[in-house]
Amino acid sequence: MTVDPVPAALEAVLAEARALRGGEVATYIPELATADPDALGIAIVGVRGNVWQAGDSTAPFTIQSVSKPFVYALALEHLGVDAVLERVGVEPSGEPFNAISLDDSGRPMNPMINAGAIVVASLVPGDVVRDGLALFAGHSLEVDDAVFRSELETGHRNRALAHLALAAGVLGTSVDTATEDYFRQCSLVVSALDVATMAATVANAGFNPITGERVVSEQVARWTLAVMASCGMYDASGEWLARVGLPAKSGVGGGIVAVDPGLFGVGTFSPPLDERGNSMRGKAMLESLSAANGLHAFAHPDYKF
Amino acid sequence: MTVDPVPAALEAVLAEARALRGGEVATYIPELATADPDALGIAIVGVRGNVWQAGDSTAPFTIQSVSKPFVYALALEHLGVDAVLERVGVEPSGEPFNAISLDDSGRPMNPMINAGAIVVASLVPGDVVRDGLALFAGHSLEVDDAVFRSELETGHRNRALAHLALAAGVLGTSVDTATEDYFRQCSLVVSALDVATMAATVANAGFNPITGERVVSEQVARWTLAVMASCGMYDASGEWLARVGLPAKSGVGGGIVAVDPGLFGVGTFSPPLDERGNSMRGKAMLESLSAANGLHAFAHPDYKF
Amino acid sequence: MTVDPVPAALEAVLAEARALRGGEVATYIPELATADPDALGIAIVGVRGNVWQAGDSTAPFTIQSVSKPFVYALALEHLGVDAVLERVGVEPSGEPFNAISLDDSGRPMNPMINAGAIVVASLVPGDVVRDGLALFAGHSLEVDDAVFRSELETGHRNRALAHLALAAGVLGTSVDTATEDYFRQCSLVVSALDVATMAATVANAGFNPITGERVVSEQVARWTLAVMASCGMYDASGEWLARVGLPAKSGVGGGIVAVDPGLFGVGTFSPPLDERGNSMRGKAMLESLSAANGLHAFAHPDYKF
Amino acid sequence: MTVDPVPAALEAVLAEARALRGGEVATYIPELATADPDALGIAIVGVRGNVWQAGDSTAPFTIQSVSKPFVYALALEHLGVDAVLERVGVEPSGEPFNAISLDDSGRPMNPMINAGAIVVASLVPGDVVRDGLALFAGHSLEVDDAVFRSELETGHRNRALAHLALAAGVLGTSVDTATEDYFRQCSLVVSALDVATMAATVANAGFNPITGERVVSEQVARWTLAVMASCGMYDASGEWLARVGLPAKSGVGGGIVAVDPGLFGVGTFSPPLDERGNSMRGKAMLESLSAANGLHAFAHPDYKF
């Protein structure tokens, strides 16, 4: 009889992360500042539908930028790679998440920074996003109204990015519609388990491994993973890929997702952020998990677990 | 009796590439301008030592920037990741190969741009580089003296980058030594088969699959592959990873290498370059090979060949 | 009996300018594209109220960016230098008129680029601007409604700049109010004679030399002139100051103003613009006038006319 | 009998400046770090040869960047404006003194930043510079050998700028010659009285008001003054022109010169520098002198002293 080693591995990384100090809960809107800094959870969903979880893996938080790769995948599926690529590039910008980062033709550099994510949000009808994200997660996701309204009131810089995109001719809707859709997408309530399921769907060639439903094509899944690998961790993406080796995306709500293609998706939750806006303990858990288990995308197969 | 499908696949991509028009042979030094624009070759070396080749796979050319990941790997092996990371970052710069691209602390952004490669060259003794590259290729490599002298005479911008690195305290030697070593490294004569063998060594966890000799550790190999994936194709790295999905590196001598970790290394040779300095037909051959055979790093295993 | 040499001088520069070919009438809104490319006028208003004019010196055009130094002067007068300086810098940006050009604290670099002018417009109540510009010109100025509405509909980039200013905490009103006020200010109808009078008011220590009314203090006038000298001609400001030596400001409506402190203001009108958005013939007239008459701010007095 | 008010004015600004605290003596080479932080002097040389001085007006210091406008003037005189303009622009860069700041064609943005000053130094033979500076000062200037050798040993960044200029095809000599000439020029020993005399020569249409010798033409003098006005105080040039209103240039040796065209040159000396590398007390003395006496270039004549 074999023993499943994953539960013990998850408890180990959780214990290690719990001991870490530092980081700051996001405060740019009051609703985020109330997050429990000690909340800590992790979930793994395998491509055959196995689920492992530890800690606060079902605690709710707002998805924020973790939504970006999934809405990008929906845009690719809905419009095709070429149509999206005309409006949003796929090159890392070497700059922070809220940088203006437009290329010479006025396109945002990539869909993982705010400028690009707003354009992506403008390319897909709101109901396609809502239904698509529900398919990724396996159930419909609710909007946190207080966060949504707060974003609407204070998101001046994001609104500026939308106006710049409109001026460059790459915005698909009005500025108001694009930013509202984007703020709504960021305000969706998820858990570590939810985002792990979403990530597992991308790992599983676009099929949700729990419901079995197809959300996006394998072509879209691999393209999305490549863009997460290049650009997902903002101006620390290169070191993340070298050190952890898993396509990933973080959000200021405290969530991170990472994907091991063909194997599993993982989601983490811990609100305190490092100075680049990534969950400090979430990063530590994923680094530790990768190092201990040979999850690196470019590891030789003999060195993988 | 099974038939090996690879020879036919190589002939097909070669024929397809031969039909392509456009691109310009590099002319910044006279020696490069004499390259035969019609030369065209490809070689694949598998991790078990199988070799496939087609066209001008043994025609000589200077390695130029294709040397960068291999000398970087030698520096990592020689000094350790942390010591190298203190002096050269691993973040894509979003800028062309000859950009100045220093981060706030004066470190070059990554080792695949000239600024970073010059610092890397300064960190490893010349004989370690010479011996290490010979191990990667399976035989010692000769310097093309005319190219080397030409680079020495005209490399003002590279010399400027070395002075900036010295000013930032990250250069390991004098400016003259660093730039001479770098120009010598770029002037080494290789063939598509040579660089395929070098790439296969990285694919094979650091062991040369033909000689069986260990060149670098598996840890160094995976780190190097991640940096090639993020930064190897300059300001087109993101789209390359999304479209082709193989860590790669090009040089203005007309060569490109790409790696499928755990499987094989591939080398191409065709002198005409696109506007970003990448071999136009080499790119096309690798794109075609990847698309036809599911070689994408982030493809689901069921969708791989 | 002395003969006034100015009329002949004006006719000479006019004739010289009429012979010039090239330049393009602004077309970013349809209303500007209808301007007569052959219209050509110049007016000088001395600090003692003398007026010289030649050509289409009373032909109407929209003031556009020529309004920027005058509204800036009104803001300085209304709020004081320090309060304005907290929100808009006075450093040349080395970038084009519509550049984003915010400094580290989010302040626009200077009030002569759009980003700064929009913030300035937000700092002064609309009626103060309207009344102040009327005092500068000696009569009230009308809005060209078609131009105003067109700017409102197409000014996405300017709206983006306002949102960025709001995000940086330096905008005095809502984005809608600031941009509307700014577009209205740009749409005011003036003639070369009007803007010459406005410029003469700044030349005359803040007193309109025709009406005798005080508009701004001498302190404000000199500060405004210095900012025009540093930043008035966008990314060609340095060469303008070296070559022509007069603080100046141009607008895409075809107008330019220049000031010789203590002596006179000059206004020119000719719609075709050079590639930097400055009136091609207007620049030529001012260069010629300065060179022929020793008007350079840094000329030795013995070398002045 | 009239009383000369200038001596009392100079003593007043000196007393005011002496009370100021803060600033740091330059330490990037050891020789500068030994400067007496309490040394404080000022000198004014009028265009008719009158001299006023107070404090340590004859104390020696190295001229450093205060040399830039004078060597630039010699280059303009020697080669003509157009030939110099082809190689060094005249636009403010909005960046610090040691910024790379090359325009699209590879020209340094202006001659007041290091990149531009090195190119300027390469355009004029060493003996022309030596003899020209002697004419400006009224006597030959000695090189401080310790400072010169120290600059030679540590000036890596300046050497990088020279290599970039060479790569752009705008350097007039070899990198070694250009940087040596530049470091020698910066290492010349002067006093506040010397630089005031040099400045007075520019104020006096190119004639040294003490020796009566012509150094440069009036055309060159006015062009040089305009470039000092636009670019002389690095990234604080705009505010300096608005607040003080005198073309000026500072050096890390503690000197500043300023010019009132047609009236006088002024030189100050005080080693402690502010965070932008300008002499803290020197700036204060010039601001105070300008404000108290209406020296602003764009002041109305009735408001001048």
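Just so it is clear, A, B, C and D label the chains in written order, and each chain counts residues from 1 on its own.
The rule is short, and it goes like this: a residue touches a chain if its C-beta (ideal position, glycine included) is under 8 Å from a C-beta of that chain, and two chains touch if they have at least 3 such contacts.
If you're wondering where the values come from, they're calculated on a predicted model, not measured in any experiment.
Chemist: If you take the mean of the Cα atoms for each chain, which one ends up farthest from chain B?
Modeler: The chain farthest from chain B, judged by C-alpha centres, is C.
Chemist: In whole angstrom, how far does the Cα centroid of chain A sit from the Cα centroid of chain C?
Modeler: Distance between chain centres, rounded to whole Å: 48 Å.
Chemist: Roughly how far is chain B from chain C, centre to centre by C-alpha average, rounded to an integer in Å?
Modeler: Distance between chain centres, rounded to whole Å: 54 Å.
Chemist: Whole-Å distance, chain C centre to chain D centre, using C-alpha means?
Modeler: The mean C-alpha positions of chain C and chain D differ by 32 Å.
Chemist: Taking all chains into account, which pairs touch?
Modeler: Chain-chain contacts present: A-B, A-C, B-D, C-D.
Chemist: So in the complex, the part of chain A that touches chain C is made up of which residues?
Modeler: Touch list, chain A to chain C: 100, 156-157, 159-164, 166-167, 175.
Chemist: Which stretch or stretches of chain A touch chain B in the complex?
Modeler: Contact set of chain A toward chain B: 85, 89-95, 109-110, 203-205, 218, 221-223, 225-227, 229-231, 235-239, 241-243, 245, 247, 261-262, 296-303.
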